[in-house]
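Two complexes follow with chain A in common, the first pairing it with chain B and the second with chain C.
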Partner chain A sequence: MNQHPGKLGIREYVSIAILMVGAKATEDTPTMLYNKVQNAAWMIPLLSAGIFFIPLYLLIKTLSLYQGKDLFSVINKILGKYLGFIICLVIFIISSFGISASTRTYIDIIRAFYFTATPNVIIYAILIIISAYGAKKGLQHIGSVSYLIVFYVLVSLYIVFYLSMQHGKIQSIFPIWGPGTLEILKQGPQQLTLFAEFFIFAMIIPYFTSNKVFSKGTWIAYVYVSIQISAATFLFICMFDTSLGGIGYPFHTVIRFISLGEFIPNVEIIFFIIWIISAFIRFTAFLYINALMFGHIFKIKDFEYLIPSLATIYLLIGIIPESPLDAGLDFKTPITNLAGPTFAVISILLWMVALIKGEFKHAKNKNSM
Partner chain B sequence: MQKKISKLWKQGLNTEPEFNEQSNARVIDLKKQDISASYDQNLATFKSLFTVPDNSDVKVREFTITSLNRKGFIIYLSTMVGLQIIIESIVEPLIDDEHPSEKIPDIVSYPIASTNTNIGEITEFITAGNTALFVDGDKQCYLFETTQISGRSIEKSENEVIVKGAKEAFNERGIDNIALIRKKIKNENLLVETRTIAKRSRNNVFLVYQKDLVNEELLKTIKDKLDSFVVDSILDLSILEQYLEERPRSLFPTILYTERPDRAAAFIEEGHIILLMENSPACLILPATFWTMFHSPEDHYLRTPYGNFIRILRFLALFVAVFTSPIYIAITNFHVGMIPPDLLMAIAGTRERVPFPSIVEVLMMEIAFELIREAGLRVPSPIGPTIGIVGALILGQAAVQANIISPIVIIVIALSGLSSFIIADGSLNFAIRITRFLFIFSAGFIGIYGMMALLIAGLFYLLSLKSFGTPYFAPMTPHSFSSKDLIIRHVPMKERFRPGYLKPKDIVKQRKG
Partner chain C sequence: MLKTKTVCRLLFYCVMICILTGCWDREEIEDKSYVIGLGLDRSSQKGKIKVTMLLANPEVGSIQGGGGSTEKPREIISFDANDFIAAKATANAVISRKVTYELLKIFVVSEDFARDKTFPSTFYDITKDKEIHQNSYIAVSKEKASQYFIHNRPKMETRPHKYYQFMINHGIENGLIPDSTLFRYLQTTERGTDLFLAMYTTAEKQKHREIKQEDEYMAGELNATGELDDTQFIGSAVFKNGVMIDKLNGQETRVINILDDTTNIKEILVNFPNPFSDNNKQFSARVSKTKNNKVRMNLKGPKPMILITVPLEYEILSNPSMVNFLKEKNRQILKHEIIKDVEGLFEKVLKKSQTQLKGVPYPLSFNSRRYFGTIQQYKKFNWAKSYIHADIQVKADIQIIDYGKIIKKPIKVGE
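Right after this comes the complex of A and B.
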């Protein structure tokens, strides 16, 4: 019954997290995974989740020392003013390029599958304008919208899973270890970027009703999302087998492939609707968090006013690559290789410094007193 | 700094000339004074205030009070009072009674009386239909509530029709309206507070609420808002509604306007505040959320499965009303692959001889439908149905035969138009109909993608709406405690809580027994 105006409850947070991270199953991530470890691609999300669990756990533990403080304040507090500033800036830059790269991926998908004759810029501009408008409304509204639609998104995703199962062959997952266990173990840490968003969510801790909401919500979403991405990849492998490596965006190929009975052969638009809605939410939240970071780094209190200009910059960066191929290889790959591991290292670094500085003991003493 | 600049800018832009009021200081000053003991002076004062004898319905009757052997006069507005009552219980006793007595209340038999000394206040009472009695040598005036205004009797609700449940509706008389609520809630905690909101025509608003339920903060917000108006007159509740709303230019309503007393009573029991006004056959319910607009009282009167059935039907109608025509445009223009080949051929065949793009077709028909609808409302009722039939059938048929539009568009428009009637709330209905046009344009621009962009922007906008601090989609999101009466409802036994977003003093309405 306790209501905090303008605060985010656990439902809203989990919805945002599921929409933001879970959406990765519906873009080019499964293909990317397949190209790395072939038929064992579905294991990677689970493995990465297992590996990323450690830094994330340490991060949450460190953050719990500072109730209601966001990631950047904690970084500044633990690592000092100058080092803290540099690390915050690195995080901001990585996630800025991240947003540009992933919006670009979405634009390429929309263009390739649904609006082949429309110029990139127009599709891009609409996406960015709507995201900027939503982001300006604030985090609580983003949470509310995600909560309103998350149910439909998940249901439609399950329908796709179910329908695609009818076309898949379970035998396709063999050889079960793909290129071999060693290669899988090698790829696991490299794909940490799958869950990089959870690190970024630590920015919005002050907007939660309590720190507990953050830790609890994070774990719920984390477990769910890793299973979802893994399941999606698994189904795509069953369906396409070796040709998955050549299919850019397997989710969209699947929804073109499946049909609802004989009379309605093409249902892709129905799923496209749901998918594009979740994409809007995803980038709205992403944009908001980035603006929050920017405002924090440069001490701008009314960071909401920055959102339109930041959004424009992301759009301009996003349209630099000439073709989808450029965007995928030259633009997105470096970021995906970099983001996850960097964030993991930062989390561990934070924990270690806090440990060495004796912050944990400090907190314990405080509690016992 | 920014504010300063914008203020200067606004001042520079403001070109409204200054109007000076003609000085009225003498009358204002007079109204602040008390009446005198002198009979002649009082008579002169009130005759000049009410411009007697030019003001034809103001009656002044002078007589001698027999038992006191003093002069006296009564003043009243003959159009606002019950004349019979005045004669029988005020004038007759005063003139005929010969028993020696000292006090006026002992002579006059009229039950409701009060006294006042301030000239301004007495004037207000007289304009409200009271009869004022002045006695020579008395420093106070006696006021009798003799108001009797003619108006409609209580009739059936016409705009919010339901099959099962109470049928009576509010009418134009404030007393009747309050009585309609009182007879449903027999509790001394039901308060009816009166507030004057307009200075010149002295329009009153009745705030009705349960004292031991309503949230004090909410009550204070609403009272402050009501007191903040500086206007000469607010004649109707629907105008007050616009004054009260946080965003009067918004497409979506944030206050519920209903003519059903049973609905008002149900909301009072939940801890809402009701506003009533003399001369308005409805009430305002605040705060209101999307769900209060979306629900109909019948959802609760019907048995649970039936009630939920019509709710789901209404939910479907909402989507059909908004999305059918835009989806038709989007699919025929952008996503042709979605239609099964046979159907595609059929549509293409009917569209073959139509010279317009489908968006023009749909727009023409939508506008025609709105025209027919508006015309059907305005024509005198005997010809109404004829217009509907002529409009809908003949026009549609002829348009198809003339190859102006394709038959499938008629289906689309008829479906979405009919569905929009299912949304019972007048304001929400308008909102839905206007939104449909926005969606049509966005679908014409860039198909499903544009529609969804608009939908998400619209959702963000709707969620940012607030009705007296209550978010528009509460208690669904942001989540608050309630009996979960949203898209579907539970059996009445399970609805044990009042909505948490109102923060009522007592949230449980049924204890577990």
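Right after this comes the complex of A and C.
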């Protein structure tokens, strides 16, 4: 019985990862993919996962040299004080904009479908307050809550999948190669941001019971999530066919369309509640990790106290775009173009420098001693 | 210290309760008026449309009301507006409660307006209004939609939402009207390869009504008399690029519904000619389709070849010639007759779609997609154009699963 109080086990980590990355299937990602490569969009998550596998593998390999150290300490150790600081800052800024962009997407969804009259700021404030409150509770709470709800989230998602399957036509995915294999191969590397969160998860390594949890959990969640996003996109293509390009948030359109028999025609609210709970967890974890980064960069020990102020800043950035359209153009596009490739490059850079410096040899020698 | 903390917590929870009301989106059911049917007509003024709203009274007929209410079950208002979204506010000049489309079940468009070139641009507002669910239906009425709602007075099902729900569901199950949801309308229009069918309805009696085959009627043609509501749902309106171009009668609609794998047809009762005797007595049967069609295409040549195999299960319900089906020969004769009848009918309808409608009224284009590798090739092939020249063959795969009760010829007195 070696239980570590206040540490995350593999199941908590996997549930956080599934909630954070898997949630992408339920926002506007499928539409975005569809607009790029039409009915071959379901291949992109799998292809990108295949490409991102390399940097992620190298990252995990590099991090395994430093047991129990988080990403930023490792960056500082490998790249030195000054260069390390700059790279950490870049990662922090990118993930800060990432959190603002994705919260804004959620606000737009909520406002478009459920709370049409409430001002953006109020919905935003409520979402951020709840996430900040959760983040302040600490990672252990986030982990156990994720583990509690991940089951419901997945079951509700599968119910939606099942019900939408009855309206879908499998022939919609033909012509199988969409706009052509070349175009698909071109888009694959551009959508690495789908899995950028896995890079950020390296920040919370000290909270795991061991480094094994991180590597093993990452692979489990990684494979599952890429399949889930791909499957969701596949189903949305089957259901909407060519209209998918014009539907901003396919998941929400689907839950408004499906019904549980003749007597329960409008069931969207059941799925909405579960979806919003998973959204809270997603941003709680995201916020916590960002605060952790900030604390690490500027050597602030009690970074938990930073969370409310950071959350407020994210809110203020998030409400800058006037309309969902602006938000998509100003925020989402640059972030998606930037985050994934940057993180991939940083991972490869870390590994290469570690290799040149001979860290791997040192570790081997140490082990053999 | 502990006390202050507890008090603070309690206060915090009280504040949280305020959020539960939904902020600006607080809604009172009592305060709302639900539109069940929305009629769209051409307006006398250019650029406007005539909107008709059929509002249901939730108090009537519900168990809680006890049925003691003397209020009318519905209210109908018609007025001219720019579109049907802003019309919600205008309607409040007449209606006391807040008008909402959340429970909107059916759009009724007059045939005159549906044939108008501007119809799609007006109708596309359905994607803009978030209250409208895409599983509501679109129907085309022969007369003006405003007149349709007024003349439609169901005798038994006075609550409008139940009336439309049952009427439409059973019509679709019988295959006499198409499953014309807004979702399908939008998809078909955006796909641009095939035609959309909307249910056809009228509340007007036609003057000269002749007696036809059981499903060959259009709405309004069925000569039903008695103490009844004159509304009829049968047949369909054909839409091309979102605009109505033609009509199909009940039989043709049924054929299309059987061909279309995406429609949920359940119980189709049909008559077919009697092969055993020359009198006009026909057999009746229940047709069901449990498996999907098998569609094979050869799209390489200058003239595309399409072979559709339709698996159908027949249950014979009547036996007017008192034929003994224990004999293998009789069963074969019956099966051949059914195959001849079905194939002839299906090919006739598809021929009509090629020559008269110039497009296929159900998503057959889906089956052609897998013969192409990329979208560019598929676009170059141009399904909509190729279909018109295609050589279509229908093969009926008939299984007779039940011949009915075996009966003996009644012995005549004195024989």
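Criterion: the second predicted complex is superposed on the first by the 369 of 369 C-alpha atoms of A that agree within 3 Å, B and C clash if a C-alpha of one lies under 4 Å from a C-alpha of the other, contacts with A are read in each partner's own complex, and residues count from 1 in each chain.
Quick note on the criterion: contacts are C-beta pairs under 8 Å (C-beta built on N, C-alpha and C of every residue); 3 or more make two chains touch, one makes a residue touch a chain.
Model, not experiment: these values are computed from the prediction.
**Student:** Evaluate whether chain B and chain C can sit on chain A together after superposition, giving fit or clash.
**Tutor:** Superposition check on chain A flags a clash between chain B and chain C.
**Student:** Counting only touches as set out at the top, which of chain B and chain C does A:Q38 meet: first, second, both, neither?
**Tutor:** Touch status of A:Q38: second partner only.
**Student:** In the overlay, answer first, second, both or neither for which of chain B and chain C A:I264 touches.
**Tutor:** first
**Student:** Between chain B (first) and chain C (second), which does A:V223 come into contact with in this model arrangement: first, second, both, or neither?
**Tutor:** neither
**Student:** Per the contact definition in the header, classify A:L316: touching chain B only (first), chain C only (second), both, or neither.
**Tutor:** It touches nothing on chain B or chain C.
**Student:** Figure out whether A:I356 sits in contact with chain B (first) or chain C (second), or with both, or with neither.
**Tutor:** A:I356: touches no partner chain.
**Student:** In the overlay, answer first, second, both or neither for which of chain B and chain C A:L329 touches.
**Tutor:** A:L329 sits against neither chain B nor chain C.
**Student:** Going by the contact rule set out at the top, does A:F240 touch chain B (first), chain C (second), both, or neither?
**Tutor:** second
**Student:** First (chain B), second (chain C), both or neither: which does A:W177 touch?
**Tutor:** second
**Student:** Would you check which partner chain A:F115 touches, where first means chain B only, second means chain C only, and both and neither mean what they say?
**Tutor:** Both chain B and chain C are touched by A:F115.
**Student:** Report which listed segment of chain B has C-alpha atoms clashing with chain C; options: 435-443, 471-479 or 489-497.
**Tutor:** 435-443
**Student:** Intersection of chain A residues contacting chain B with those contacting chain C?
**Tutor:** In chain A, positions 114-115, 118, 122-123, 126, 265-266 sit in both the chain B and chain C interfaces.
**Student:** In their shared complex, at which residues does chain A touch chain C?
**Tutor:** Spelled out, the residues of chain A in touch with chain C are 38-39, 112-119, 122-123, 126, 167, 169, 171-172, 174-180, 240-243, 246, 253, 256-257, 259, 262, 265-266.
**Student:** State the interface residues of chain C toward chain A in the complex, per the touch definition above.
**Tutor:** For chain C paired with chain A, touching residues are 19, 22-25, 102, 127, 130, 133-135, 165, 169, 183, 186-187, 190-191, 262, 363, 366-367, 369-370, 372-378.
**Student:** Which of the residues in chain B come into contact with chain A in the complex?
**Tutor:** 331, 334-335, 337-341, 446-450, 452-453, 455-457, 459-461, 463-464, 471, 473, 476-481, 500-501, 503, 507
**Student:** Can you check the complex and tell me which residues of chain A touch chain B?
**Tutor:** 1, 3, 9, 11-12, 110, 114-115, 118, 122-123, 126-127, 129-130, 133-134, 137-138, 140-145, 147-149, 263-269, 272-273, 276-277, 280-281, 284
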